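For clarity, chains are labelled A, B, C and D in written order, and residue numbers in each chain start from 1.
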Amino acid sequence: MTTVLESLGAGLRASLSESPAVYFLGEDILDPYGGAFKIARGLSTAFPDRVITSPVSEAGLVGVALGMALRGLRPVVEIMFGDFTLLAADQLINHAAKVRWLSGGAAQAPMVVRTPMGGRRGYGPTHSQTLEKHFLGAPGLRVVAASALGDPGAMLRAAVLEDDDPVLFVENKALYAVAVQPTSGLQDIEVSVHGRRYPTYQLRVAGAPAPGLTLAAYGLCGELARQAASRLAFEDEIFADVFIFTELSPHRPEALHDSLSHTRRLLTIEEGTRFLGWGAEVVAQAVEALGPGLQARRVAALDMPVPSAGPLEAAVLPGVEAILSAARALAGRS
Amino acid sequence: MFPARRTPDRGARPVSTPAPDPAALYRQMLRIRRFEETVLEAFPRGLIFGTTHTSIGQEADAAGVLSQILPGDIVVSNHRCHGHFLAYGGPMVALAAELMGRETGVCGGRGGSQHLQWRDFYANGILGGTIPLAVGMALAEKQRQRHAVVAFTGDGALGEGVVYESLNMAALWRLPILIVLEDNRYAQSTPIARHLAGGIAARFQAFGIPAAEIETTDAVEIAATTRPLLDQIRAGTGPQALVIHTYRFAPHSKGDDTRDPNEIARYRRNDPLPRLGARLAAGVAETLSAEVEAEVEAAFRLAEQAPMASPAVFPQTLAEAG
Amino acid sequence: MTTVLESLGAGLRASLSESPAVYFLGEDILDPYGGAFKIARGLSTAFPDRVITSPVSEAGLVGVALGMALRGLRPVVEIMFGDFTLLAADQLINHAAKVRWLSGGAAQAPMVVRTPMGGRRGYGPTHSQTLEKHFLGAPGLRVVAASALGDPGAMLRAAVLEDDDPVLFVENKALYAVAVQPTSGLQDIEVSVHGRRYPTYQLRVAGAPAPGLTLAAYGLCGELARQAASRLAFEDEIFADVFIFTELSPHRPEALHDSLSHTRRLLTIEEGTRFLGWGAEVVAQAVEALGPGLQARRVAALDMPVPSAGPLEAAVLPGVEAILSAARALAGRS
Amino acid sequence: MFPARRTPDRGARPVSTPAPDPAALYRQMLRIRRFEETVLEAFPRGLIFGTTHTSIGQEADAAGVLSQILPGDIVVSNHRCHGHFLAYGGPMVALAAELMGRETGVCGGRGGSQHLQWRDFYANGILGGTIPLAVGMALAEKQRQRHAVVAFTGDGALGEGVVYESLNMAALWRLPILIVLEDNRYAQSTPIARHLAGGIAARFQAFGIPAAEIETTDAVEIAATTRPLLDQIRAGTGPQALVIHTYRFAPHSKGDDTRDPNEIARYRRNDPLPRLGARLAAGVAETLSAEVEAEVEAAFRLAEQAPMASPAVFPQTLAEAG
C-alpha cells in the first residue's frame, strides 16, 4: 500500500533526480525533520544542494521561486500550511501569474507551490482552512489538487517537470494517509480517465443502470463522494456518475457536461466554504453550457472558520452524510 | 486561583508596578510548567484536540515580563501562548477546557491551543501576523493615553515581513508597545543560523526602536529588566524591544524534536524553576508546589467534566448575516 | 451634480465628524495631496489628529486597523489601488474576519478597507485589476461595492459608523467621475430599493411590458447594464429587470430570485475575469433556488491581466456591446 | 543607438568592467533626461496611456550604477523604471512605443510605463514585490556562478515587509545581488520623516548586508562607488546595498507635486547634467546633446508611426490553456 503522502514524496524525489533544474524550498524541510508533514523526508540528504530550508517568509519565498523560475530553474516551494498561502497572494497573482502574458511568451515561470489544505485534525481556524478558492480564476495561475485515485506523485512530477506555468498544488491533509488507488481493477467501479497531465476521473458502479445524478468533487471530497455514491447505489438505488477533478483552474468540463447532458442533476462537493467555492464555477459553467433543465446543489463547509474541537469541526466540514442527503434531495428522494 | 492583581480591570488608571516578587514569579512559572507538562501527558490519552506548543524552559519570560503589567494592559501572543495566557491572568481551567474542546473553553473550543481571545489577551497562530494588530492596539491606546501593549514573538517570526512594517509604524508614531522577542534559538526545527541573518537587536534598532538584550532564565532579572522599559513606554517615549535569549526544553509541538540531546541537556542546567526555587526561603517552594499541583489537577478535572463543545449553536460570523 | 468621488468624500467626512472613534489611515492621504484619487482632500485639515498618513505597508496597515477596531475605534483604511489588497489578504481573512466568531461575539472588528478597483485608465496590469472576487466568500468578511445609483457616500458612512464587522469597500475607478443619481425621479426608469444599509437596486423601464430577462451587476458595470437595458428596450424590444447590487458577499438574492422566477433568464455582468467571479455565485445560487428552467450567462473581462494600451484594455474589459450581444443571445435574438 | 557593451550577451563570461567614462555617463543621463522630458510633453497631446513616473534629477543613479554591469547581468527595477531600462541598454524606441501602446512596445503595449520585461530586465509596479524576485534570480545565478543581479528600489518601498524577508534570504544564502536604494526623500507625496523610522543603511546592516551610503548626483562618483561593490559580489562575498541620497525634480507622476518649490530649487542646484557636463572637454556636451536630441526625436517619431497594439492576437496566459 502506498499512501498519498508517500506517493507525493516519491513524485518530488523523482522530479529532483530527473532534472538538475529542480529545487525544493520550504520551512523546516531538511532531514531529519523532513517538513511538517514529512513529504520532504530524505530529500535533503539525497539532494543537499537543491533542497533549501528557508526562514519563515512565505511571500518572500514564493517571490524567490519566481526569480529562480525566470532564470530557467524549476523550483518547488512548500508552504507548510495552506492557510499561509494568503501571505503569498500578491507574489502569486500580481507577479508570477503575469510573467508569460506580459513578456509575450519570452519569459515563463515554471514553479510549483505545494501546500496542505483542509481540516479534520483539530488544528483550529488558521491551520485547517481550504483556501484554494481564493486563488482560482487568477489568469495565468493554474490550481490543481491531489487525488487518491490515479497517481498523485506522478501528477506532482508532471507539474514540476512539464508544466511551464506557475502551479498552486493543493494537497488535502486528511488525504495524506489515504491509500493511493489505481484507476483500473477497482472493485465494482469503472473508471474513465479524461485528460493527461491533470486528469479528471469519472467513476461509475460497474454494471449499474444509467446514472441519474452527477457528482463533482476533488481532493479528500473526491473520496467522500465515492463513498457516498456506493451507498446511494446500494442503499437508495440512486446511481451517480462521480467526477473527481485534479485541475481546478482552469476548469475542463467536457466530460462532466457530457454526463450532465444525460443526468441534468449536478452535485458539487468541496471542503471549503460554499460562497464562491470551486462548485460555484462548476455549476455556472454547467448552466451556461447546458441551458435550461439543469438542477444543482453544492455541498461545502458551513459559512464560518474551522473550529478546533472535534465535534465542532465535524459539524462544520462536509461529510458523507451531508453528501447523501443533498444527493437524495437532488434525486427527488427526500 | 491566580493573583488578583493580574485580573484585568478596564476602569483602573495606571499605578506603579509592584517590585518583582520572587515567590510570586516562582509560583507563576510553576503553574505554567505543570500545566504544560499535564497537557503533554493528556495527549496520548486522546483528551486534547489538534496540536500544542509548550513553553517549558521559557517560563521565566512570561512570568517575568507579565509580572510588570498593570490592569488594563494588553497582551498579544503567538502560537506558543499558554504561558503568556496564564501569566496574564487567564483562567487555567478555561485554557484546559479549550484544549479539550469543551464548551467552557476560553473560546468555546473553537480556537484550540493557538487561538485565544480573552479580555485584553489575543493569540493567533499566524506567525508575525499579530504584530500589526498589537501596534494598532497601541495606536488606539496612545490616543487615550491609557494602557500599554506587550506583544510576544519569536526568533522565527522575524522572518515575516509584516513584523518590519509594524516596527516602522510603531516607531514613527511613538506608540506604547513593548515587543518581547523570545529567542529560543530555533524556529520549529530550524536553528537560528539557518533562518536569521544579521542580528536580532539590530532588527529593532534599524527602525529606531531601542532593544534591551538579555540572556537569562531568571524571572527576577527579566522582571527587573522589563520594569524600566514599561515605565518609559508609559511615559510616552515610544516603543521598546526586549530580546530574551532562552531555550525550550520540550519539542516544538509534541514528539517532533530533532535537536541534539546534549544541547538540550546543557540548557536544562539553566532550568528557571530550580534556579529561582533555590533562592526562596526554606519551605516556600514546597508550599507553592503543593498549591500549584492542586490548582492544575483541579483545572484539568473540571475541564474534563465540562460538556463537549456543541455544534448546536455556533456564534455569528457577521453581526448581521442576512 | 455630485460625482461618486465627491459623494464618497462627503461620506467619509461625515463619518469623521459624527464619531470621534473614526480614524482614517492610508498612503499619501494628507492635504494638500489628499490621496491618489483625492477622496481624502480636506480631511486631514479638518481632522488632523484622526487622519494618519502611513508608510507603504498595506498588510501592516490593515493589521493596525484591526488592532484599533479591537480597542473600540472605527478605522477606515485606504488601499491606494485595489491591486494591493492582495498584500493584506492574510490580515483580512486570517485575522480580521475571524475575530467575532472566535471570541463568541465578545470582540468585534468594525473596520472598513476602502479601495479603488478597475481599469479603463491605462494603468496596466498591477494597477487596473478587479480583484474583489478573491475576497468574496471569506466567512466573517463583508465585501460591498459603491454604485452611482442611490447614495454611495451614505453607504460608506453606514459601513463606517454602523457596521460592526470588517468591510472591504470596493470603488470602481471609472465610476468616480460618474454623477450620483437618486433612485427617484429618474427619466423613464422605475427603481425599487431592496435592503437598507447595502441596498440592491432594481430598475425597469417605466411602463414597459413584463421583463423577459434579468441583469445583475455592480459597480461601474451597473451603469453599463443600465445603458445596455435601455438600448435593449428601445432597439430590440427586449425588456430587462436590472439589479445593481452593492453587497457582494454575503449575497442577498431574494428580489433577484423573484424576478428570475418570472424571466428565468439571468445575465451577470462584472469587470473582473469570469472564472469564480461574483457572477458564478449569483448564477449558482439562482440555479439552486429556482431549480430547472434557468438559463444564464456571464459577461466579464477576458481571462488575462489588464493591458495598458487603450485598444487592448478596451478589448479585455467588458463594455455595453458585450452586454448587448450576451443579452440578445440569452433572449434568443441572435 | 546605445552602447554596445550594454547589450546583454547571455553566453559571455564575466570580464572586468571598464573604468567610468564621464562622457558616456553624461550621454546616458542626457538620454534619460530628454526621453522623460519628452514623455511629459507627450502626455497633454494624448499620445501616452496611463501614467508615468520620471526619474528627472536622479539620472546619475541609473547611469552610474548600470555603467558597471557586465553582459548577462540582471537588472530589476520598480515603477520609476525608464532610466534603469535605458541605462541597461533597453531600446528607446521600444520604450516610447510601450508608453504609446504600440505593437512595437517593449511588451507590446500590455505593460505600459511600470511593467517592462526585456531580456534580463524586469520592472513591476508593485512596490517592494520585485525584491524577492531579484533575490531568487541571484540564487539561480549563484548556483551557476554566473551573473550578478542589480535591483533598484526606493525609500518608500522600504515600507513593504517583503523587502526584509528578501534581505534576510539574500544575506543567509550569500547571494550575488546589489540592492540600490534610491532615496529621493519622498514616497509619492510623503516626506521620508513621515514614512520611515530609524535609518536606511541600518535596515540593510541589521540583516548583515553591508550598505555603502552616498549623497550625490555625480554619476562618476556613483559608478566608482558601485564598482568595488559589484567586484565583491562577483567574488562571492554575498549581497551589498548601495544607498544613494538624491532628489527628483519632476512630480511623482505628472502634475502631482506638493513639495515646497524652494526645496526643489535648492536641489536643482545639484542637477547631475550641468555638474558633469562642465567637467567634459570643450564641445563634448554639445556634440552629445545633438546626438541625443536626434535619438530621442527619432525614437518618438518611429514609435508614433508604429501601429497601435491590436487586440486581434493576445499572448497566452498559460502555455496550455485548454
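Keep this in mind: contacts are C-beta pairs under 8 Å (C-beta built on N, C-alpha and C of every residue); 3 or more make two chains touch, one makes a residue touch a chain.
As the structure is a computational prediction, the values presented were derived from the model and not from experiment.
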{"item": "Chains in simultaneous contact with subunit A and subunit B", "value": "C, D"}
{"item": "Rounded Å distance between subunit B and subunit D, as computed from the means of their C-alpha atoms", "value": "46"}
{"item": "Subunit B-subunit C separation of Cα centroids, rounded to whole Å", "value": "41"}
{"item": "Whole-Å gap between the CA centroids of subunit A and subunit C", "value": "30"}
{"item": "Cα-centroid distance, subunit C relative to subunit D, in whole angstrom", "value": "37"}
{"item": "Interface hub residues of subunit D, defined as touching at least two other chains", "value": "108, 110-111, 115, 124, 126, 158-162, 165, 168, 172, 194-196, 314, 317, 321"}
{"item": "Shared-contact residues (touching 2 or more other chains) in subunit C", "value": "54-55, 57, 59-60, 83-84, 87, 90, 94, 97-98, 101-102, 125-126, 139-140, 250, 303-305"}
{"item": "Chain-level touch network, classified as line, ring, star, complete or other", "value": "complete"}
{"item": "Residue numbers on subunit B that touch subunit D, as the complex places them", "value": "158-165, 167-168, 171-172, 194-199, 202-203, 205-209"}
{"item": "Of subunit A, residues touching subunit B in the complex", "value": "27-28, 30, 32-33, 36, 53-60, 83-84, 87, 121-127, 302-305, 307-316"}
{"item": "Residue ranges of subunit A in contact with subunit D within the complex", "value": "49, 52, 54-55, 57, 59-73, 75, 90-91, 94-95, 97-108, 139-140, 142, 163-165, 250, 252"}
{"item": "In the complex, subunit B residues that touch subunit A", "value": "49-51, 98, 101-102, 105, 108-115, 124-128, 156-161, 187-190, 194-196, 256, 258, 308-311, 314, 317, 321"}
{"item": "Touch list for subunit B against partner subunit C, complex", "value": "74, 107-108, 110-111, 115, 117, 122, 124, 126, 129-141, 143, 161-162, 165-166, 168-169, 172-173, 314-322"}
